[in-house]
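My structure is below; once you've seen it, I'll send some questions.
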Amino acid sequence: MKKILNSPDAYVDEMLAGLIAAHSEHYQMYGDSGKVVARAKPGKPGKVGIVTGGGSGHLPVFTGYVGQGLLDACAVGDVFASPSAEQMADAIRVADNGAGVLRLYGNYGGDVMNFDMAGELVEFEDITCSTVLLADDVASAPPDEAEKRRGVAGMVYAFKIAGAAAEEERDLAAVTAVAQKAADACRSIGAALSPCTVPQAGKPTFEIADDEMEMGMGIHGEPGVWRGKLQSADEIANEMMDRLLADMPLANGDRVSVLVNSLGATPPEELYILYRIVKERLDATGARIIMPLVGRYATSMEMSGVSFTLCKLDDELERLLRAPCDCAFWRVG
Amino acid sequence: MTITHNGLLSAIDRIAAAMERDFDMLNAADGALGDGDLGVTMTRGMRAISETKDDLPEDIGMALFQCAQAFTKSSGSSYGTLVATGLMSAAKTLRGKDHIDPEDMSGLIAGARDKMQERGKAALGGKTVLDSLDYLAKALASAENKATAAAQAVDTALKDFRDKPATAGRARIFGDKSIGMDDPGMLAMQSVVKAAVARH
Amino acid sequence: MKKILNSPDAYVDEMLAGLIAAHSEHYQMYGDSGKVVARAKPGKPGKVGIVTGGGSGHLPVFTGYVGQGLLDACAVGDVFASPSAEQMADAIRVADNGAGVLRLYGNYGGDVMNFDMAGELVEFEDITCSTVLLADDVASAPPDEAEKRRGVAGMVYAFKIAGAAAEEERDLAAVTAVAQKAADACRSIGAALSPCTVPQAGKPTFEIADDEMEMGMGIHGEPGVWRGKLQSADEIANEMMDRLLADMPLANGDRVSVLVNSLGATPPEELYILYRIVKERLDATGARIIMPLVGRYATSMEMSGVSFTLCKLDDELERLLRAPCDCAFWRVG
Amino acid sequence: MTITHNGLLSAIDRIAAAMERDFDMLNAADGALGDGDLGVTMTRGMRAISETKDDLPEDIGMALFQCAQAFTKSSGSSYGTLVATGLMSAAKTLRGKDHIDPEDMSGLIAGARDKMQERGKAALGGKTVLDSLDYLAKALASAENKATAAAQAVDTALKDFRDKPATAGRARIFGDKSIGMDDPGMLAMQSVVKAAVARH
């Protein structure tokens, strides 16, 4: 897969420059550490700040979800590489409106270390931080080691729900609690058909034969649960739903939102083919589907493949999911 | 093996040169068990430290603190953050001094190991840089010739852990496939320590 | 490039079934001819209807743009194949609110014949039709044969502007006139890096070497103006802007909207890298950029590559472009 | 060569069979100069017509009108729409009759050619199905043996245009590269006509 770029080293900085040139009504750069993006219009004083961060190459994740009813700021690193603690500290600084800051991000070793260190840096500046980790990828560890799971597309739900709660001017503890509830309510699984190329590496993240797919592969090419012949859309969708529903069973009367997400190259046409089965399987549980999302919400550049995320909702989560939000990639309400 | 301000500066030069030399080796080792950027991390980090060399204060604690800051700003990679955490731990202990006494080395490294373990939440014995530091701290505690002991310790650590599976960091997902392969972070520490003690 | 599907013959029908299952608040199927999609909530009586149509495989084009402030109905064919005159007639029937129907679509031989024939079919039912063809691809014919040009991403502007005019309850002649004005104001050019696969063909639409690109290639793989070494992002963007501005010069004080569009697999990261140059070049003309669009607005499934579209605006076009619209893929206002 | 209701039905059978036989050939010819679907279009269209066979009215104009409708619903391809346009033109002229007279053939085909030209806005001489029809209409105007003349006309048209460039439809974009290649629509018309007159 070919890439349109200038120098691999400039990929992320030029991407951010273009993003901000195109959407200055939504985003602005902040600070000197580089690659820190904040809302163009800061949140109200007293609103809890929400920051995220992680490697680049996942647009709209992470930077794209900075916006009203979503995140306050974001630190990104190079493609698939953690930002530095210093950048994260800058993101926390700009996100703080005096009510403390929630760090809401995916469970990856480097990101965790750096966000912890960033928290120690800003402690000296009297900014209180809390943490919620997304660990929704059921293929990355069994249920009894759920805390080891990687964070993937489920973070979109957590950003949305926590963002709406913060907008209601709840305090840090309350925003953190609802973000944790949202994180706990998400389960995801991915399936990859072809790799992407990290600009600085210059070659695909993994190799896979022309007639093969990998079930459960991670968004950076982390090994999945099996590799084998490319299956039909309905077979793929059914296996993914099997795995999700085994991890988080749904019962008659439950409410659930579902995200059918392209990892990048897979076109919406194919997401809709899959969605038929997703809906059929959810309908069969008796659960009600709330605000289904189909599209590119969390990607790996030009990787082809899909992920499904279920987010089980109660009254509070449903209300917050449906609350207004606005950024260059997603609008609700 | 007392380390003075000038000793620190020349160690920085030697380590920086070693990282340039080992750039491909470290990238390749990390490529086999991770994302292949450890050579990038180490050269960037050491270049950043080298750039601050002229401004490093006489207070050796403050100097190490500035080295840690420079390293941490240069990237967000796990190894960089761990190294910076270790340097900060030593920096705190050394604050106010203008040199490092040989008999304090073991304790400083043990302290760094513990802070890094807190940061990374990995167990000792997990085949990571922590194990290299653990071997180092123990070897330095008793050794007469600190330099020789340090150089031997990082070699022994690699040898002892080669045939164990990785359990931390990105290498964890390779599980038993990592048996027989060197941990990239331990390789980096081998190069750093040998350059520091001029035994490369 | 691998595809997620069941039977190639079912690709489009299953895609539409999933689209409607996911977005029943926006879309519904209409009639017996198949592959005709209408608004879930029909336009008000007396509102001019707007229909489009063409081959599948270009989501959000065509079907996605059925919605409030946009299109009333759409007929799609198999991937890259014209729908039948009968389907188009059905689309016209459901779009008619008693005020006549504008046929607004891309200049492709088969589509033109079929929309003409569809018009003759519905004439018997006393539905008045008008036509505006999009022919915005500057690479497909020289300026003196502009009427032979193919229609590409420029249709997004035409849909938006004509849709807003119809929502204002202008009559058919007025909606047609402003749609024509919008079509005339658009210029596009594409560049392709890798092909897509038509499900029924089962093999890529064209072949291209790993280090090559093609400037000016059409969205179905129609030959472009040159094929050669893959250039840097800035070189690509500059040549594309050169070609567009040569065809439609801009002067100090002009207003222009610009669409930087992925043909499918090319990720938004790379669109933003390109956007830096697009903005620089437009700023250099002295023109003012209005509502820039960056994303996947008109695609060819998993083709990788980009297109740029300029739409020169006057007061009326700017107002209509900024007017509210709503569909599953795009919201304004 | 008077065409009655039964004659129409058996011609439909022969053409449908010819299209199944030529499926790959027509796809390949269209693949070289277009999107490769002409075999698909023709088999689908003729299958759709065959399915309506039992319900075709005695009025041969009405029967052709229903054939046109069946063909047009089966796909939206250019050729299908053009063929349906031609059939409708003949249908209008023939309405109320129960057969087609041999001496009317030339005029019917010329009429179809003109309506198809209006629909497709391509010039005569552009190396399309229009040229085959043009040759047909002219040959049938004078010929004694209509069947033989028809079969010869579609051959001659192909031969005469082979070395000209395509100027209409998708083939247009190939420009001079189309020289030496047969137009897929003319090939399809050759098969159709020869099957219709049972000279295949």
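So that you can tell them apart, the chains are marked A, B, C and D in the order they are listed, and the count of residues begins at 1 in each.
By our rule, contacts are C-beta pairs under 8 Å (C-beta built on N, C-alpha and C of every residue); 3 or more make two chains touch, one makes a residue touch a chain.
The structure presented is a predicted model; accordingly, all values stated were derived computationally and were not measured.
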{"item": "Chains in simultaneous contact with chain C and chain D", "value": "none"}
{"item": "Where chain A and chain D are represented by their mean Cα positions, the distance between them in whole Å", "value": "56"}
{"item": "Between chain C and chain A, distance of the C-alpha-averaged centres to the nearest whole Å", "value": "30"}
{"item": "Geometric centre distance via CA averages, chain B-chain A, whole Å", "value": "33"}
{"item": "Where chain C touches two or more other chains at once, by residue number", "value": "none"}
{"item": "Topology of the chain contact graph, where touching chains are joined (line, ring, star, complete, other)", "value": "line"}
{"item": "Interchain pairs in contact, sorted by label", "value": "A-B, A-C, C-D"}
{"item": "Complex contact set, residues of chain B against chain A", "value": "35-37, 40, 69, 72-78, 80-82, 84-85, 119-121, 168-170, 173-174"}
{"item": "List of chain A residues in touch with chain B within their complex", "value": "33, 77, 80-88, 109-114, 116-117, 200-201, 220, 222-223"}
{"item": "Of chain A, residues touching chain C in the complex", "value": "1-6, 11-12, 14-19, 21-23, 56-57, 59-60, 64, 193-194, 210, 213, 230, 232-234, 236, 260, 264-276, 279, 292, 294, 296, 299, 301-302, 304, 306, 331"}
